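There are two complexes below, and they share subunit A, which is joined by subunit B in the first and by subunit C in the second.
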Partner chain A sequence: MYFVLRRKSALQVKIQWGPMCIYFPPTVGAGGGNDIQWCFSQVKGAVDDDVAEADIISTVEFNHSGELLATGDKGGRVVIFQQEQENKIQSHSRGEYNVYSTFQSHEPEFDYLKSLEIEEKINKIRWLPQKNAAQFLLSTNDKTIKLWKISERDKRPEGYNLKEEDGRYRDPTTVTTLRVPVFRPMDLMVEASPRRIFANAHTYHINSISINSDYETYLSADDLRINLWHLEITDRSFNIVDIKPANMEELTEVITAAEFHPNSCNTFVYSSSKGTIRLCDMRASALCDRHSKLFEEPEDPSNRSFFSEIISSISDVKFSHSGRYMMTRDYLSVKIWDLNMENRPVETYQVHEYLRSKLCSLYENDCIFDKFECCWNGSDSVVMTGSYNNFFRMFDRNTKRDITLEASRENNKPRTVLKPRKVCASGKRKKDEISVDSLDFNKKILHTAWHPKENIIAVATTNNLYIFQDKVN
Partner chain B sequence: MMLSKGLKRKREEERETETLAGDAWWLDPSLPAAAQAPPATASSSLFDLSVLKLHHSLRQGEPDLRHLVLVVNTLRRIQASMAPAPTLPPVPSPPAAPCVADSLLASSDAALSASMASLLEDLSHIEGLSQAPQPLVDEGPPGRPVGGSPPSLGALDLLGPATGCLLDDELEGLFEDIDTSMYDSELWAPASEGLKPGPEDGPGKEEALELDEAELDYLLDVLVGTQALERPPGPGR
Partner chain C sequence: MGTMFARGLKRKSPEDGEDMEGGLAGARATPSYSLQRQSLLDMSLVKLQLCHMLVEPNLCRSVLIANTVRQIQEEMSQDGTWRVVAPQAAGRAPLDRLVSTDILCRSAREQEGEHPAPDVGDGHMADLVPGLAVVPSAQALRSPQSSLWEVDSSRENRGGFQKSLDQIFETLENKTSGSVEELFADVDSSYYDLDAVLTGVVGSTPSAHASGLQAFASAAAPPPSSSCRSDLGELDHAVEILVET
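Showing the complex of A and B:
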């Protein structure tokens, strides 16, 4: 019996003897963001440059095990990919994601009372934890949330007494013997069916849904209100936050995102267009208009401009898996907040600071209003968010290093390691750097997702979904 | 994606050869932002741009509320920097015997803010509330001193000389179908209560009107005539 030592990465060594191996030091979830070499794995979606509006991806979400990956698009469709089961000991890469189910979640609607069309675009998808063989997810457009059940059918009953195999009914008088129908295998069929429709509770546009850790309730947030639902009850919801002023002329702030705490079922946060985050405790009162905590960083006077408020508007808020921290994304940065400290974030990462001097142009072309999302890796050690020119950024909280990568079909050979990218803000542009003025502001990565357990990420460009994973071996 | 009439800017990717300075010419990147005051014309074109955005946003069947609120707040910032002390008074509750000229001056701004306010107010009609739009009443609590900016300025209360440039044909066309009798009734509401918005206030206010039709017509004519006179030449137009 001999053993083999292999250096797996800068931080990790693999010790193997026979079929057994261990990794030292053991890592839970991901290692350092920059010690991982990210490789192209797959790309989904049309190849043309001419993007059909309906195909624009509007949300991406892994389920709790990471086996399923759901995307929603502007055309109201949901596409679910499933990871192939792979032989973990011998494989050179993790399983690929293939289409598992596709269904039309929302249709365009017309509100006759207000003479307005309601877009079918899927704003958010959230998975429920799996309780039985079926999978459940919530999907929402601007006004209506739906609970979908996705189930597999791989057997069917055969041998009915009163029905022929082709479905025709038999004349009961011709039946002389009885038999018990049996289940026989059939080709796998994945069915999606709407189990609940939660409608008519939002006057304004829904921007967030979040499932409570009690797995029985969830919240939905629009620009001015947050409602609490029970998953079983569709005709009633409780309003828990209402920031609509008595006089709409006094409106100066809207809700931009909301999320339940991952462990405390009584706690949730919501962010605003003024850069504040409020943490609320549902035990305090039925209407959580008074926050328990208010997280806000004072404005840096040297950076003040006409656009200060717009760039401070928070586009996404996400709790860490541990529940100790939360991350917010505003136009130029990602901030990590300790829930115990309200007056400033504990960490701030600049996503694309070179855009600060371009704010006027970005205001003019409305890019300054783009809403970027952000996400944590499984061990809360690395955070990721998107940028322009199909770039996305990762920040390692431990090593304080960051990396910029590009989602592009040019690097689409499997296991091709992605080359880090760099934007040249000013001065002489080095080789391989891209100048700010060359950035394509139409190519924006707003939606990204990180597998809950492994180093697999899903990055959505306008109409393509890229899957990257770390280099194995 | 973006309409910006008269303010042509090349897209970022077409300007590879231009330097950073060409883009935000009033913001020299080597200087801290706070040390620079944008020249008046830059603020003014930013103001125009913001008004166009607001206009565009309000035209949507169902405006993106976040976009709307952010643009309005930005407009207020720009306006505050252009005219730190409002030269025209906010619309106060008219005293019992208002000076016609003063009221008309006030109302020329009020007319615009009234229009904008009523449009924003229409958003609350989405809920089926039966609030009658209260265009002029929300400029501040009654009896506030005329000189200062009332803290309870409505989100769209735009004061200052720059508002004149907003009264172009396009914007007026948008507001054409607004019932102008509201302007008349607001001017002459009594100084006491009844100036706060609320569905119950509507009928009360109407009862308080004491003018006859001829006087209302006269006022309307003068109002329209004064708006035309009030319009200063827009900067750079």
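Showing the complex of A and C:
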């Protein structure tokens, strides 16, 4: 009896002993950031370089099954893409994402008291788990959260007695028979309707929404406060965190992101502009001003500068699917924290350390305030985040390897494998490397999303959405 | 220069034999460091004072910039290059007084004859005289009527920035005791807290991001909006709305 181990492809491993053999199909992310070969799949959005401001993508989110992909933009619109069912004959690519529904979620408003406009830009979209035929999502701008129902209509009643097919009423004297209207198939129509509007609860700008694992409540966080809502109740919300000082002159720290724990419905975290994360337990008190845990890494004194605080500000926090870890993104790095250890992260990945010597210029042109998001793959083995020059980075937590890829129309032939990119920090630039000073800081990837089950990623440049998949043999 | 700021450290006087973190002890004493630090301070003040057109500013960004300004102020106070004369009112020790975060857009009703912010702001950046320390006068500090932006001389410019910082951070103080609070006394404060109104006013425009990195000295301040709002006419209008409802 002997064992033969053969790696059949990047995706499969075959173990054979005697006449018996078994195949190991890959679990999601098993190949790791570098073993996976990422290929271009699709790009959505306008081709021309002239970007209309309303088309700037401001959020990207897969639903729980991965079948639907939602984007929000600066013009207040939500566009939902649906993955087509896999073509059984041609199984060398997964289903494509095509437009499923488009609707105007938020409109610009004017706050008369402050004489200020309220932007219609969609800051976040979060999907509810599917409970029936319809899909539900929460979308929010700076001030108002809305619950949208997206439903399909593929039948309509025909054969009314009193109405013509076009809706006009028939002359009653011409009605001589009685019939029962029947449902007949029609072209699929996808309708989006606002079911709840959660307004007037935030003085400051909403930066996060997060649905609780009880699927009945959710939180919304602005710069200074976090509110807890029930999905059914719009005229009341509970304030669970308030860091507004009595005297606004003493304000030195704001809330930057918040999220519920994926499994514990009493636990949530929020991050701050000073680089701290606080974990709160709602069972402890109604107002969770005292944290249960405080996650903070001591500052490295050798790297101290006037910009230290700014670059430590956390722009995104995401729990792992398992709930054991959480990931934070600050300006230069991604950190993975074990919820059981508060004094330092368990893993730190440098996203673009070559920018550390350029912080003053980045402060001047405001890029230092860019809020990058981050995301986990389905198995929590790889994390991804964006950078400048339309680059995005992936870090494999198991192999400790990382890769830099570019979202650009140059690689847009389907199934073209993306070539890894490299930035040359200093010194002699090798061929195919790009020097730091050549980076385009207007081309930033702030929003990325990873399919919950498969190796499909959605990467948003300023006004285009790129979809990449791993290479399927 | 960029390196300098990336590694700026807590400064001690060159006479100290103590070891410093990072070992750039000599660099911090140079006039070039002071100039760069002052430039950073000026840049930060410009960022804070720019009024945004219509949309409420990003509070996180404002807080981070204000904290940076505070850090610089603290360091300059320790150096002795930041000499703040004691104010006539409010018994706060000048060196202990850290700037508050609440920054208000300088509205037309605050100061008559205010120059449009954009032109003067850019002019200021170009007028900086290297090596001058900030030495504001007591009268300049406490005079709310004095114009924010002055073009007289380079020394005056320097004082102007100091004035502007204090004036900005004190405006809330003035407002809380002023007419604005009375104006809103009858309004249900749950949605329209005074602080909500006032903190909403500050702005900074999203700057025109340069593609590629620009040399620090050559970049101009991002063009601010030309319309600083909330003049008396609008205030009257707001009162009318309140009264009618």
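By definition in this document, the second predicted complex is superposed on the first by the 437 of 473 C-alpha atoms of A that agree within 3 Å, B and C clash if a C-alpha of one lies under 4 Å from a C-alpha of the other, contacts with A are read in each partner's own complex, and residues count from 1 in each chain.
FYI, contacts are C-beta pairs under 8 Å (C-beta built on N, C-alpha and C of every residue); 3 or more make two chains touch, one makes a residue touch a chain.
Please read these numbers as outputs of a predicted model, since none were measured by experiment.
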| item | value |
| --- | --- |
| Contacts of A:Y112 with subunit B and subunit C, given as first, second, both or neither | second |
| Which of subunit B and subunit C A:L439 touches, first, second, both or neither | both |
| Which superposed partner A:D242 touches (first subunit B, second subunit C, both, neither) | neither |
| Touched partner set for A:D35, first subunit B, second subunit C, both or neither | neither |
| Which of subunit B and subunit C A:S426 touches, first, second, both or neither | first |
| First (subunit B), second (subunit C), both or neither touched by A:N200 | second |
| Which of subunit B and subunit C A:I310 touches, first, second, both or neither | both |
| Touching both subunit B and subunit C, residues of subunit A | 114-117, 203-205, 223-224, 247-254, 256, 273, 301-307, 309-310, 313, 357-361, 363-366, 369, 436-441 |
| Subunit A residues touching subunit C - in the complex, by the definition given at the top | 111-119, 142, 200, 203-205, 223-224, 244, 247-254, 256, 273, 301-307, 309-310, 313, 356-367, 369, 436-442 |
| Parts of subunit A lying in touch with subunit B, wherever the complex brings them together | 114-117, 203-205, 223-224, 246-254, 256, 273, 301-310, 313, 357-361, 363-366, 369, 426, 435-441 |
| Subunit A partner contacts - residues on subunit B that touch it in the complex | 1-2, 4, 7, 9, 11-13, 15-16, 18, 20, 23-24, 27, 29, 32-34, 43, 46, 49, 53, 61-62, 64-67, 69-70, 72-74, 77-78, 81, 117, 120-121, 123-124, 126-127, 138, 152, 154-157, 197 |
| Subunit C residues within the subunit A interface of the complex | 1-3, 5-10, 21-22, 37, 40, 43, 47, 54-56, 58-61, 63-64, 66-68, 70-72, 100-102, 169, 172-173, 191-193, 195-201, 206-207, 209-216, 219, 222, 229-230, 234, 238, 241-242 |
